[in-house]
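Below are two complexes that have chain A in common, paired first with chain B and then with chain C.
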Partner chain A sequence: MTRRTVSLVLEITGLEVGYDGVRAVAGLSLAVREGEIVTLLGANGAGKTTTLLAVSGLVRPSAGTVCWQGRDITRAHPKDIVAAGIVHVPEGRRVFSTMSVHENLQLGGHLVARNTAAERIAHVYELLPRLRERRAQAAGTLSGGEQQLLAIGRAMVAGPKLLLLDEPSMGLAPLMVDLVMGIIDRLRGEGVSVLLVEQNARAALRIADSGVVIENGVATTSGSARDLLADEAVVKAYLGRARKSTRLA
Partner chain B sequence: MLQVLWNGIFVGSFYALVALGYGMVYGVIRLLNFAHGDLYMVGAFVGFISLSALGVRTGGVGIPLLILTLVATMLVTGLLGVALERLAYRPLRGSSRLSLLITAVGASFALEYGVRIVAGADPQVYPVRFDLAALEVLGVRLSGQQLALIGFALALMVALHLLVSRTRRGRAMRAIALDPRASALMGIDVNAVVSQTFFIGSALAGAAGFMAGAYYGKIDFLMGFVIGLKAFTAAVIGGIGNIYGTMAGGILLGLVESVGTSVLGGQWRDVLTFGVLILFLSIRPTGLWGAPVAERA
Partner chain C sequence: MSLPAVLNARWIGWLGFAAALLAPFVIATPYAMSIMTSAAVFVMLATGLNIVVGYCGLLDLGYAAFFAVGAYTAGIMSTRLDLPLLATVPAVVLVTAGAGVLIGLPTLRLRSDYLAIVTLGFGEIIRVTAGNLDFTGGPSGIYGIPGLAVGGLDLSDPVVFYYAVVVVVSVAVVGAARLSSSRLGRAWRFIREDEDAAEACGIDTYRTKLAAYVAGAVWGGLAGVLFAAQLSAISPASFTFLQSVLVLVAVVLGGQGVSRGVVVGAVFIALGPELLRDVADYQYAAFGVLLIVIMILRPRGLWPGRAGLGRRDA
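Take a look at the complex of A and B:
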């Protein structure tokens, strides 16, 4: 648990968020370093999604701070947060269903100069050729996995330094889960930091550098992904029965 | 018969202009803006007041002055629409549809009786008459004013089409119509785009109001009420929220009225319109082109 380093990019301190009097996040703290994948583990309703929404400015925390590259962005406008390089891929993908794949990618570059956006879209097509094949197709007609790839590709066009990924493997076939996780791993290779919320904790810990367990809105356990995979209590609570896996990292 | 069709197309292009703003606002924030017709009325009055202020009494007016007045009118009604959204609708975003609807009806009354206080209850006579030559095509009389007004209306529709389909702003509008939260995650400033939508929609209504005032010559503070309902009808025919359908719906409604009244008599005009509205609402509420997946703006 080596934390304090100069390359700390995201630092959440004492975050509290309430909906209608219920505190979904109750004093949560965590940090993400540059080029690191941190995964948030925890039961449904533990406050993982709310934490991501607070970082991207879609919900307003009642207390605590979110610092990005040393700057307090707790009350920044969502647009400015995207412009600063934090891009959120929401739960359920949320692609613009009646718009084409290409237009969805263009929307990812809403704040980006036209030329830069075009270059990045070309890069996404190179990385994800299935999207290029379906570029004129309405996004809603893609399979769930393809929609997830599109949602990630769309975020890439914004030029993220930190990706917030909410349940990217939800509802996907195992092969597609591997593909999505592979893309995330590859983005880290390009220097992108990732905050990853996953129900599929085993798949997440396999690619993550570290993990944070959230219970009732606070971080209860954190550590390197390897330590967490080895931690009896964590395995029992969040990884369930060991799944036969052909790909042990 | 050709004359009847031409008149229908002419009236229909007004309906289409008003209906477009109606449909845009509905498409983007799912609000039936009942005050939309009243922005048309305000446009007629703003045009009237500025022409009077410019010292235009009666008689001929040059096209440049008319275009200038048109632009000024669109600016004023556009800003009024933005203010309306800011003050009346935005605070209610996220609350029930019914409270929004009631607020919209209230906003409609506020505009109608606000204008009544300022301009009085008596109809005003527009100080403009066009002096443009008429054309004869295939035995149909196309008056110069009709041609000029249809030209304006078409130019505005083409401009709107280009904005919505080709620009980044238009793409953002379509995205918000589909999913406002996901749009915010793209870095789209949702409130700003909603304001722009209100501006454009209200400016189009104001333009139509001014043109109607200049064409028919008489305006009053309640003139927006019926046109608002007709615009709603046109939007329903085309599939509400679908801009191309709405344009076509407006023209179609104009044709139905024109052909219907030439057969049955003028007193049947509104009966026909609202008959069509009821027919569509009960048989095909998504409109002719409005499978809920169609392009929205």
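Take a look at the complex of A and C:
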């Protein structure tokens, strides 16, 4: 994972989000560079998911700014944020289970021209041949891993420049985790930046360029993935003891 | 061909259309023509509500309101302004679409159960208002509405009128089905399945829901025009909560979101009580039991689900 000196695409400054008076995110700042995978680490309830929701406009921050390619998108409509190139793959995959794999992919292209969408769907099928095999099948009948691939594929059809991925490896078999992480790595190769929230911190740091540790809604530590993997405090808090936890994950 | 494949074939629609066209050759008594015409109008209502409830998943308990707005707009304009009924259609489309926007704009931000309550209230408001205003004729309503005529051609003969209604309703049914397979229709189904995920994918859920609501309103309003033409008199008593519920029952019975299933459900609901007339006093009780039995046996509606989906090949 080579460090690149490229421009910032996403800049979150002093973000605050509250749910009914409880502050889930309390003054969080972080940045994502072009073509970089940044992973958010932190305990349950630290504010990782809320941060992603605020970036994609699905929850409204009470303070702070989200800048995308130099433009303030803090209170933009979710539709416009998708159109600007930020696509959110929500936690728990959320594929449309009674609709076919192909229809799910078509949804991803809701905002793009029909033939552009068709080209991108063809590209997704190329990258993920499993989905092509199951294109006419109802999405709900796919395995968990396949549904995750479908959710990522659906996001790809929107033509993202930044993907927000929330727990893509949750509940997946180890082999599937590797496949999903491989796809994310591959997307970076195509120039897509990724903001990745992952319970499986070790797997995430393995493909990430950098990581940000979030505690109680604030970013406390950040650094390159390599540095974080070498940081004893981080390892102890979020990665557990080496080896054993990987097998369990 | 398996049963679902047969039922999803294109020619099934033509078969239904042909059956509707041939029905008067089997029985053409004034009574039969009257209930068959009512059934066809009811199919149009159910098709319209299916756009809202079936395609988009928005529970509407006051759908008769749009039926009323359409019928009253046509009735008032044709009697007061001496317009032929056909000439009121553009105004009916505008007024019902406006009513759809008016009620949809504040309520579609709500989730389903709240929406159901607000639409229920809206249905009652329209009915009670129509019963109390002078220009809507108060409780006695509007009478002397002219029959349907196209150019100089009078279509008010019961059999001729039936055919005219069948043609209009068929166009409405096909139109709704086309709409459901369009980009907009796909967006409706995604919202029905998971509104949050749909929004995350870039669908403007609010506007898309509003579009479904307005389309449903226009369908209901046009059904109101046919209703006014058929009866030549309308009053608030025709647009009760029971009417809204019966249309909803037709949609659920037929299979929400399945256009052709909803047609079958509507015909069943419209003709069922008539066919049960022999049991006189127990007519509606028997009908209720029948509905319960059907929903137990076929909880997803009379029409089988889409072929090929739901099976796993692995």
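Throughout what follows, the second predicted complex is superposed on the first by the 237 of 249 C-alpha atoms of A that agree within 3 Å, B and C clash if a C-alpha of one lies under 4 Å from a C-alpha of the other, contacts with A are read in each partner's own complex, and residues count from 1 in each chain.
Throughout what follows, contacts are C-beta pairs under 8 Å (C-beta built on N, C-alpha and C of every residue); 3 or more make two chains touch, one makes a residue touch a chain.
Source: prediction; values computed, not measured.
Trainee: Given the alignment on chain A, is it a clash or a fit between chain B and chain C?
Mentor: Verdict on chain A: clash between chain B and chain C.
Trainee: Per the contact definition in the header, classify A:88: touching chain B only (first), chain C only (second), both, or neither.
Mentor: both
Trainee: Applying the touch criterion given at the start, work out whether A:236 contacts chain B, chain C, both or neither, answering first, second, both or neither.
Mentor: neither
Trainee: Mind working out whether A:77 is in touch with chain B, chain C, both or neither, as first, second, both or neither?
Mentor: Both partners, chain B and chain C.
Trainee: Scan A:186 for contacts with chain B and chain C and give back first, second, both or neither.
Mentor: neither
Trainee: For chain A, which side has the bigger count of touched residues, chain B or chain C?
Mentor: C
Trainee: A:100 in the overlay: touching chain B, chain C, both, or neither? Say first, second, both or neither.
Mentor: second
Trainee: On chain A, which stretch or stretches are contacted by chain B in one complex as well as by chain C in the other?
Mentor: 56, 58, 77-79, 82-83, 87-88, 90, 94-99, 103, 106-108, 110-111, 138, 140, 154, 158
Trainee: Which residues of chain B touch chain A in their complex?
Mentor: My answer: residues 168, 171-172, 174-175, 178-179, 181-189, 293-296.
Trainee: Taking the touch rule as given, give the residues of chain C at its contact with chain A in the complex, in rising order.
Mentor: Of all residues in chain C, those touching chain A are 183, 186-187, 189-190, 193-194, 196-204, 308-314.
Trainee: Which residues, counting only chain A, touch chain B once they are in their complex?
Mentor: The contact residues of chain A facing chain B are 56, 58, 77-79, 82-83, 87-88, 90, 94-99, 103, 106-108, 110-111, 138, 140, 154, 158.
Trainee: Sort out for me which residues of chain A touch chain C in the complex.
Mentor: Its residues touching chain C are 56, 58, 77-79, 82-83, 87-90, 94-100, 103, 106-108, 110-111, 134, 136-138, 140-141, 143, 154-155, 158.
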